[in-house]
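One chain, subunit A, links the two complexes that follow: it is found with subunit B in the first and with subunit C in the second.
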Partner chain A sequence: MTNQKKATSRRGALKTLAGAAAGAASLPLWARYAQAQSSEPIKIGFQQHSTGIGAAYGRWYGRTTEAAVKLINDGGGINGRMIELIAEDDGTDPKRGAEVVEKFANQHGCDVGFGTLFSHVVIGSAPRAGELKLPYFVVSEGHHVASGMLNRYTLQPGITDVKSQVQAMAPYVSENLGKKVTMIFPDFAFGHDHRDFFSAAIKEQGGEVLEQIAIPPSETSFTKYFPQIPRDTEVLYHVMVGPAVLTFVKELGEFFGDQGPEIFGFIDSLEAVDISSPGLEFLEGTYFWEGMPRYAQEDQSEHEKFYREAVGVDENGASVNDPSDVSTYAHMFGCWETLHVIKAGMEASGYAGPLDRAKLIEAVEAMGEMPESQAHPQGAKRFNGKTHQVFGHQHISRVENGRLVRVHTTSIDDTLYPDEVDYTTQPL
Partner chain B sequence: MEFGPHLILATLEGAVTAAVLALTAVGLSLVFGVMRVVNIAHGEFYMLGAVIAWYVAQMVGGHPALGFVAALVIAPLVVGVLAAAADVTILKRIEYDPERTIVATIGLLYIIQQLTLMTYGPEARPVEAPFNTRVELPWFDWFETLFGMAQPWGWSITSYKLFVIFAAGAVLCGVWAMMARTKIGLLMRATQADRDMALAFGIPVERVYALVFGIGAALAALGAVLIVPIQQAHYLMGVEPLLLAFIVVIIGGLGSLPGTVLAALFIGLSDGIISVFFSPTLAKILATLLVGLVLVFRPQGLFGTRTA
Partner chain C sequence: MNMGGRVLGLHLGLLVVLFALQFVLPAYHHGNIARIMVLASYAVGYNILFGYTGLLSLGHALFFAAGMYGMGLTIQHAGFTPAPALIVGIVAGSLVAGGLALLALRTAGVAFMIVTLMFAQAGYLTILYFGEYTRGDEGFVIQQAQRVLWGIDLSDPTARYFAAWGLFSVCFLLSLWLVQSRFGRTLIAIRENEERVRMLGYDTYAHKLGAMVVSGTISAAAGAFYGLLFGYAGATFGSVQYSIFPLLWVLLGGAGTVLGPFVGTLFMFYLIDLSSGVTSAYMLIAGVALVALTLFAPQGLTGEVRRRLWKGLP
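Presenting the complex of A and B:
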């Protein structure tokens, strides 16, 4: 098997040569020198939630990542070298996550690790990545990177964190929906970020959180939690993950019927779920946070259009091959953008191999504004090199005629908060 | 929410849990009672039932009721036949030795789970309920100074959940009738009472074993088909029912069907009520604590008979 893979065919060799030559021609002098050293592929270890509670995300993170790798490789790769993606399933499990990171560093000889979503897996894996000095690019949304909990080798340059998201949502919720909020969230790190930061943010807006209802992410039936919702609730704030999100939303509808408070949810509660599923009619008129609007909006940018097509998503946010296979559209752009950040970082640092890992970290830390482009189809971003966290625009959509229609977009400034850590002071 | 409506809602939710749990646990208990086999793979037969229900519903199409009824017949049948085949090919070969059957069924658990993962995939998929209307429950109370009827939000259940409770009750009556009133039930009871004597009287014990193992698995699958329109078919969904079924069977007494049903009712209802008023985690803690107490003070279970 291994021998077969390594064997070079004449055609393959010609292809690589042509690609390398094209790449080398467009590079500065020192990079050509690096190219002369190695034309081995750059190995990116992709920590994928193929199984376990994150499987739906894992499937779409996979498709997005493959599309981005293909785009980068078709364009000549990174520093003239092709990307080789090495995907390992972590079972959405923190312990296996750390093992996968070890495999990337020691067994596969990966240049970087990439792609982890679920916050408990990130928190379980990042310390190992730090010890092994493996640059670890997570696509997770959790506040754990910017909170200072992790280390200098862990970065989140492709997706915004929960703290900035909820801080930007709170003014809209309190002005348009109500001030007395009850929160339902999954009972692990990601949900606790929602609990802590939204409670604080809504208080700042003069509102209050009446009740906080935590649900284990592996739960399968939900009605038994809902009676805890106080009667004077004006807004129900929900965010849920796991294989049973459809059941969660359905039971929410069965519980309220046509009465109940205003509902504001994070699209996480509905990622990979068709909004027109039977039982979800009650969502009409309710609001959702979206990282990137699932349904193609009227003013969709050319970059987003290109991205949508490259990944294979139709204008309803489902797979072009199977309209019932709904994507995790609000999150998966993070994989695409993170890969482009890795590419930009490797090119800026003249990355030639694992010995240059520290230079890569410094190059990414030096990034600031990232304009909207093919590399950043979700929109412009601002990277904070000290906290290793990126900031960007957030969207609020309303369900109208069974489609999510964007009604509000925040500015990047709405999402900023004071630094809680300076990773650049840590040794590399 | 007010105490009264809250309690009734909790009881109804608990009753749904109890209904499905009773079916699953009775299957487990039957297998242990007659065959003395502790079937660790029982939860996976439950999961298979749900997954097959999804496949059947996909293939039948049309009105959701058609697919559901077809699944209700086909899924338990297929799972039953699979289990009987596993009995003949695996358990019989190791001569139903208690330790080896445990190891063998653990192996079976992983094989079924991973094969499902490889074919059906890691997604959770829904089966549409044949009917599912929201039933509002009226509540009478004093409102300010007036006595009247109100329909506060949250005060409801769906018709399908009520159906699950009744359907499970009907199936359990059927199991009881089979055990008590039919010839095959008599053969099973005879085998349970004394295997060697049954063999001496010409009862085809091996065929009874295969049948019992099949029926036990089919009951689990039936429970899963009933629950899959409420929850969703997922390759890991067999883990929790297995734990709960063991809890129920230990409390009720391994091999005692009435004990199992009563314990399922007790655990299901208390799970619903404690979950609503306190937390679902506390419900699990208390159930596990109860198992510990039963094992210490009454190892044969509340309704079991002591065996040598």
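Presenting the complex of A and C:
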């Protein structure tokens, strides 16, 4: 009898325990999270191009990101919680990129995804981020976000897009270098963006594009294209990218010798490449767009100096540990600034966990002016919450004695264009 | 149970397991298996030409991309709904496969590999050339609203899983039926000794042409579904690496086995996924695993099962 009672009692206790466990398991996620939120880290999924065509960028995006995370964590983290960076290699491939986004959301339980550069990876991954409702902060400079192609969960608050960069170059080019332009660009989407945006912008400045020379992506020798450059060309605009760029510059130098037009290019061609590499002598006296000047300028701000030291970049834009390891300085600040935007957005929205992702999106959308600061060492920014795109100053540098010397900085107003989308009308 | 019954049971069993997994898998693996089923369908198509007919193509990305762009471009520019767009994609793949077969089958061996590779590369460059419509290397998004098939939102995880399962089931069972049919047995005979088959009076050219069209059509269906289910069409899927992938999956899983393409795709997917969680040098781990498999299981995983345990496995 006693045993019977004890047995019944044990069963009862087990039932109670089981009931309690089931009850706990059925609690909403937020309730369980609330217990842990004071100590749980904020998980940021870093979609990194560690391998594939974007590996040079990926390496430096990684270093910049780690430096920014260290700074934020040393300063107390976000809402008192440390950042845990979870890096996954996407192989610079859109298929793997989408898989990595799924991994962030469904396996690692990341709060946000971050850091993608190459446009095809962004465009391949963003639909999954939107479906999984994972805030996806890209650092790509593509026009894909502001064009309206993507979704409300995809934002680009840390780097300007190619359309604003290109159009902001036109006034300087037409006033200082010439109004008759010939463009040489790779015959794929990146080159087509330059072709379309710059042609329209230079026309607005009273200039004209005399010839558009598209180079097939598999091309390895360029001499045969140069005779297509009209004789009355005043400015040659080039945006070649990839391993053939050194050959391109060398052959361009052999073709023109000392008697060429002014030459203007985008530093994208030569990111992670030493300007004083053999064969690049011809670049002396030519002009480049730079998102952020690679070489420390005489008037560099205290914030930029701090940023440069924190990331480990010397005055020539190379690693402090290896002068031959040249950085992707014109772009990688975007990782630093984006992480600070995420921090600001989470703090403004009181972000506590994945259930607050929608509030985070709204908080970032509400951002506007971002003054130059340690969080924004490249310069002041203006975020457009409707198009999810940030706008900022652009720089033009001239190669002088093998160094890039800044000769012009645009205003933010130079970079603006009419909205092409209003993401805030999409449901969260 | 006779031999045929056991074979059917095994293959239907896999489909039942995959169907049931929908209800138990955690979200991450649920998404992975959906993706794997679409990619395995691509491998099933490749296996018909390579595993059963003995023709090693290095240009199947052309068919995959033909399906993807046939579907994607008609949705994007012609306002098609998913059902007719899928049909356009599949038909586009069939036509491209038929056209390429007419030219490439004039060659054999290494020349066949090179011709298929070159045509696929030409296809890839064509996608870039018509960047105004295809958005070239960047590709384009197929928006959620454009992915509603008969009222079913294919961006929903459950709907996506069932759509992938449906595609895989059709391709898988078609492959099982095909290789046991007279046509399929003739293909296997061609693989083993084409001259002897010709001597016996078979039109080997017509059979190889048929195999290539079926293979290309299945690959195109996989491409069309991939774009529709995951919301993106891009030139990367037409690049040479996407011709190499199905070759690897089929070799690993077992060329000339019906199960092999799925096993190989599953194995390769998780090999990359798991090893990338262990080290940044995950490609090294993947490479070592592939070399080990080639050394110790040269007929692939399912091929080894057939060699050691089940001689009659199709």
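Keep in mind that, in the parts below, the second predicted complex is superposed on the first by the 349 of 428 C-alpha atoms of A that agree within 3 Å, B and C clash if a C-alpha of one lies under 4 Å from a C-alpha of the other, contacts with A are read in each partner's own complex, and residues count from 1 in each chain.
One rule holds in what follows: a residue touches a chain if its C-beta (ideal position, glycine included) is under 8 Å from a C-beta of that chain, and two chains touch if they have at least 3 such contacts.
Only a predicted model underlies this, so the values are computations on that prediction, with no experimental measurement involved.
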| item | value |
| --- | --- |
| First (subunit B), second (subunit C), both or neither touched by A:N106 | second |
| Partner chain in contact with A:S119 - subunit B first, subunit C second, else both or neither | second |
| Contacts of A:P216 with subunit B and subunit C, given as first, second, both or neither | both |
| Partner chain in contact with A:P418 - subunit B first, subunit C second, else both or neither | neither |
| Touching partner for A:G130 - first (subunit B), second (subunit C), both, neither | second |
| Touched partner set for A:S50, first subunit B, second subunit C, both or neither | both |
| Overlapping contact positions on subunit A, where the subunit C interface meets the subunit B interface | 50-51, 216 |
| Subunit A-touching residues of subunit B, taken from the complex the two chains share | 1, 6, 9-10, 13, 17, 117, 121-124, 126, 128, 132, 134, 136, 152-154, 156, 158, 230-232, 234, 236-237, 240, 272, 275-276, 280-281 |
| Footprint of subunit A on subunit C - complex, ascending | 26-28, 31-32, 35, 125, 128-129, 131-132, 135-142, 144, 155, 230-232, 234-237, 273, 276, 280, 282-283 |
| Residues of subunit A touching subunit B in the complex | 50-52, 55-56, 58-59, 216, 219-221, 223-229, 231, 243-244, 246-247, 254-257, 259-260, 272, 277-279 |
| Residue ranges of subunit A touching subunit C (in the complex, touch as defined) | 50-51, 88-89, 93-95, 98-99, 102-103, 105-107, 119-120, 123-124, 126-128, 130-131, 142, 144, 149-151, 187-190, 192, 216-218 |
